[in-house]
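Below is one structure, written out as structure tokens; the observations come after it.
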Amino acid sequence: MSDGQSIVVVSAHAADFVWRAGGAIALYAAAGYRVRILCLSFGERGESQGAWAEPDMTTARVKEIRRAESTRAAGILGADVRFFDSGDYPLRPTDATIDAMVEELKTLQPACILTHSRLDPYNFDHPVAHTVTLQARVYAQAMGHPAPGPVLGAPPVFLFEPHQPEQCGFVPQVLLDVTPVWERKLEAMRSMQAQGHLVDYYSDLGKRRGSQAVRNGGRKGIRVAEAFERVYPLVVEGLL
Amino acid sequence: MSDGQSIVVVSAHAADFVWRAGGAIALYAAAGYRVRILCLSFGERGESQGAWAEPDMTTARVKEIRRAESTRAAGILGADVRFFDSGDYPLRPTDATIDAMVEELKTLQPACILTHSRLDPYNFDHPVAHTVTLQARVYAQAMGHPAPGPVLGAPPVFLFEPHQPEQCGFVPQVLLDVTPVWERKLEAMRSMQAQGHLVDYYSDLGKRRGSQAVRNGGRKGIRVAEAFERVYPLVVEGLL
Amino acid sequence: MSDGQSIVVVSAHAADFVWRAGGAIALYAAAGYRVRILCLSFGERGESQGAWAEPDMTTARVKEIRRAESTRAAGILGADVRFFDSGDYPLRPTDATIDAMVEELKTLQPACILTHSRLDPYNFDHPVAHTVTLQARVYAQAMGHPAPGPVLGAPPVFLFEPHQPEQCGFVPQVLLDVTPVWERKLEAMRSMQAQGHLVDYYSDLGKRRGSQAVRNGGRKGIRVAEAFERVYPLVVEGLL
Amino acid sequence: MSDGQSIVVVSAHAADFVWRAGGAIALYAAAGYRVRILCLSFGERGESQGAWAEPDMTTARVKEIRRAESTRAAGILGADVRFFDSGDYPLRPTDATIDAMVEELKTLQPACILTHSRLDPYNFDHPVAHTVTLQARVYAQAMGHPAPGPVLGAPPVFLFEPHQPEQCGFVPQVLLDVTPVWERKLEAMRSMQAQGHLVDYYSDLGKRRGSQAVRNGGRKGIRVAEAFERVYPLVVEGLL
Amino acid sequence: MSDGQSIVVVSAHAADFVWRAGGAIALYAAAGYRVRILCLSFGERGESQGAWAEPDMTTARVKEIRRAESTRAAGILGADVRFFDSGDYPLRPTDATIDAMVEELKTLQPACILTHSRLDPYNFDHPVAHTVTLQARVYAQAMGHPAPGPVLGAPPVFLFEPHQPEQCGFVPQVLLDVTPVWERKLEAMRSMQAQGHLVDYYSDLGKRRGSQAVRNGGRKGIRVAEAFERVYPLVVEGLL
Amino acid sequence: MSDGQSIVVVSAHAADFVWRAGGAIALYAAAGYRVRILCLSFGERGESQGAWAEPDMTTARVKEIRRAESTRAAGILGADVRFFDSGDYPLRPTDATIDAMVEELKTLQPACILTHSRLDPYNFDHPVAHTVTLQARVYAQAMGHPAPGPVLGAPPVFLFEPHQPEQCGFVPQVLLDVTPVWERKLEAMRSMQAQGHLVDYYSDLGKRRGSQAVRNGGRKGIRVAEAFERVYPLVVEGLL
């Protein structure tokens, strides 16, 4: 149980955090951390095909649907969400958005930060989310940045596995056993009605990474895992 | 305190383990681990310029000098050494050498393995040591390998920082705080008379990595660190 | 003969498509495809040294000269051009430009897309053209993008060979035999009076890639070829 | 239907070709090609845990079991196998092995060659198979090589997807739709009793690559695919 | 002595040029070159923790302090500075800034240009400075760019060593012996009161690079060096 | 004029040094250096198609033809050659070969060393030559190596441009103006009757690299150049 600690997850669109880090979120929530999701856009253009398939749909209604879905999924995982509505396809965070992210980081002082990978030729919003997250973290460390709150330390940053990892130069450095919270992630994924076809894809991926976790030295009971890449070196007091 | 556990360090030459992993070795020895060094050669050609500067030197005597130095340094660090005498410049491990390494791994069941980096255009023995170490680890995992002992699990492998890391494609993934055992590493380095000029170089490197460890989120009291690269993903039950 | 099919070529400047993809364009035009060139700028600053060498030249006149040259070359190759006039050095496509590109793609439903490489330290407009092309393609696939027309499938993207490929991280994945249309490409290149010195350079390059095509298994009669890199995996029903 | 044509598959161990290229093999066999598998070892040490779990097992019996399994699986896929018995863990092809491979290539004149990836830190026999395959292909092209038969042309080489692709630097360049022959691959995989636990892993992988094939522009009906990397550029007479 | 020649150094913040290129600057100044520093921002947010530690500090006063420090350090090294005040965290050069840089380059016709590395996950202003510098250089080469002055040739570009080079993909290609001017660099570093803690770090780095310079073939007397990476190939009339 | 200085060129086969470094060799010979070529094999299998096309050819006669051609070409360039006859396809240097190379280096104390690139999927003898050259250089630096002669310093190593550079990961770092000796290189290339078809290919390459040399800042009069990659950093006393 972690009293008063938090982690921050920056998600380009309303659903990314569910598929890519739902297990990590549920683990930390279950361990007593506050998990704060900064959701940069509703994914109203790019990942709402389910909603757009309905007649007479409008952008405003798609956003509402996505907000509701995303909030519900976050709730299932044990997290809360702040929506920035910075648009998608393209995602365009303003200086004000970045300043607000800096303020979140200085206020929350998260123990770690999760966000998207550096490259993704299938989705150009993901690298944008990556970049503004790393920028906000660095700005929050600076004595001279005007956002309120104490300066941030150097929390580690973990990058989500993208949809087609090899095409994005993503190499798993960390395999996180999410077996204990898998039912919760599954429930959260199923609650995302607009992209229901992805539940199977990410369930299979969870098994794949779980199988690899066992092969890379994890305990035999691991059934599902999530893969992450680190941006900065891991600082340790022992190698094991 | 770790009862009955061990780590294995594979060193191409008689002194490599001192400069590159002396801190890690001292930390694990101090924590109660058995630290077993597999020293593939005495470095009689390539890293014994001090010895060769003496008159009437012979290869046999150089080997004796190096064996004594290496044994003494290992003792200071709290480790024991097995020498394979496989030659240097070039290092040529035979099948028998690799089989003996497999047997060591199956017998010791080490919690982790340390060795050289994958590339080094300044020293071609280092990649050879890297390769045979990874091979021995994989062979030791196989049901059908004839070496005695139970099959090995999947202990993580950490790679030493080479002398000129950028030219070797080495990127630090782990910064190990070795502040608590620094005096011990310093003593071990100073005991290596044949290469005395490297003490300053590796002391400066220790400070450099220590400073970076603090900057990457380590505790403020870190003064010296060692950098390692991992070969396989880290399997964890939590990101922190 | 391909009834009603098309390909789209996105060219940063008025002449890029001639040097880098003139053979591919002529091949597809000859095969009955509509070839549509989206020319993002006239290259008025960066590739019009011939025009600027004349006395009393103005930017407006340079643009006219380049438009005429580019249109003529496209005509020789069998393509039509749309000019966006988004400036060069720097090239600055606006949101409106990208939206117009999305609309072109949704309307044309091209069978493939050609554009510049991802990196080019000799010309920063080329990576900009690369990025907006991939973005427009991804946006055109999204149900929620407001541009008119049916959503786009997933046409393959081929990247032009840059002027100094090794410095741009360009690795040829596809060598296209352009021997049957070489005279046409040569005529188009020669029609680009503002950059006449490049005809020899790209003729030699064509021979070089042709020679390599033969060596990589192409038919013996290949004399000239163009090299391309792919962004996404090739999906096939047979390997041959 | 391809009269008299062939493809060659070089497999480090008795089962590799089933998991990694079973679909490609079945497709080519079904299309009338002769598929010739050069199996460099029986995998008696490294991939025969099922056999070794039985009491009183010997290396000779493991090899027989593996030979039988491998022959049966090849038969299901429509291929024939030649076994070289060059050992595993480590795989050690001799000059005579390579010469025999050269002779196979000169005799068969295959339309393409399939083998392992260049790197694999989980299995050092795979890169060995990769290297000797590329060497044999190059030697077979040389006028002066003494192996009988006409010199080889330049058939393309496709690399299998390794077990943990991101750790091996493997990037899929080709996604082959194997939906039409999936039942056959499944039957072949199930016939490999010594490694039964891999059937699920490679079935899930097939679905994963199939899903990606659709997303990368393949026909909607693709359900399963195999990924390959190419060693040499693809030479074409059209991009589509 | 070089009559009328110059070099240009583009520094993201007020102090970068001191730590990273102080030796190169002093060498060229001592050789009679004009060394012109284009300082894009005062580093008022990101590298002024010393100043901000004082009570009642304001951004305007921090800038003044930094301007004074930077000017003094440049003077010690023998260079002059132009400040652009384009902000930091984030650095945001406008088109006018880039045009002014183009004009500087066309006016000065520098023999070489020094700036930051391409990537730096610890400081996102550094890659911005890198990019605008390369852009300004390319624009200055174009006949059609409106900035006054003759077009620029193709001066080589050297990239500074970043603070944690391995994390930035930085590989030293050039080791510059700065032993003759080391006292001057040390004096300049010590004059930067706002970041006094870095003097030791960069002194140790100087020794480290000096030691490597000797090992890579430099004269035995080299004690301190600076590392640089080149962007473009070196053109020579002899290899030595 | 350089009295008593030398350079060493290690060539896998009898002709490699002509195509890939003929200009560099002629330049150094003309400047008074002794240029010593260590030719590891005659290329009797892999690059003697001209000889093998004659009736009743034998390996012994092919070697004689190649030795004569290679000696003649070296003479035209102003160099002398030592042949090791270590075989080709595969090239297999023995320990005695490497020891002889070490002795050459210790005796000659060359100012620089030229050899093949690290990777070449079209020719596996080239990386072998690369590796043994770097090994011999490192061994020659060791106090304890038994080969006669004083230890070697740290001469720079330059790598030849391979036939298809992008496929070999080759990036030109140095463009050497060989305009003054081009006629001599051309004469040497033309004297290699067994591979006459390559004269055009390498003449075009020379022009291509020459054109790039001008574009990268070389003098306007450069017409032909050779590209090289460096293995180790360049140590300098000035950047220009």
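Note that the chains take the letters A, B, C, D, E and F in the order they are written out, and that residue 1 is the start of every chain.
What we mean here is this: a contact is a pair of C-beta atoms (placed from the backbone, for glycine too) under 8 Å apart; a residue touches a chain by one contact, two chains touch by 3 or more.
None of the values given here were measured: they were computed from a predicted structure.
**Q** By the contact definition above, name the pair with the higher C-beta contact count: A-B or B-F.
**A** The greater number of contacts lies at A-B.
**Q** Over half shared numbers or under half: where do the identical copies chain D and chain F land at their interface, same or different?
**A** different
**Q** Would you mind checking which chain's C-alpha centre is most distant from the centre of chain E?
**A** It is D whose centre lies farthest from that of chain E.
**Q** Measuring centre to centre, with centres taken as mean CA positions, what chain is farthest from chain B?
**A** The chain lying farthest from chain B is C.
**Q** What is the distance, in whole Å, between the centres of chain A and chain E, each centre taken as the mean of its C-alpha atoms?
**A** That gives a centre separation of 37 Å.
**Q** Go ahead and note the Å separation of the Cα centroids belonging to chain D and chain E.
**A** 53
**Q** Multi-chain contacts only, two chains or more: what residues does chain C have there?
**A** 122, 167, 172, 212, 215, 232-233
**Q** For the protein chains shown, what form does their contact graph take: line, ring, star, complete or other?
**A** Graph shape, chains as nodes and touching pairs as edges: none of the named types, so other.
**Q** Which pairs of chains touch one another in this structure?
**A** By the stated definition, chains touch in these pairs: A-B, A-C, A-D, A-E, B-D, B-E, B-F, C-D, C-E, C-F, D-F, E-F.
**Q** Per the contact definition, I'd like the list of chain B residues that touch chain E in the complex.
**A** Going by the criterion above, the answer is residues 122, 164-167, 170-172, 201, 204-205, 207-208, 211-212, 215.
**Q** So in the complex, which bits of chain B are touching chain F?
**A** 44-46, 48-49, 52-53, 59, 62, 89-90, 121-124, 167
**Q** Quick check on the complex: what are the chain E residues that touch chain C?
**A** 95, 98, 131, 134-135, 138-139, 142-145, 231-233
**Q** Residues of chain C touching chain D in their complex?
**A** It comes out as residues 24, 27-28, 31, 111-112, 153-156, 158, 172-177, 212-213, 215-218, 222, 225, 227-228, 230, 232-240.
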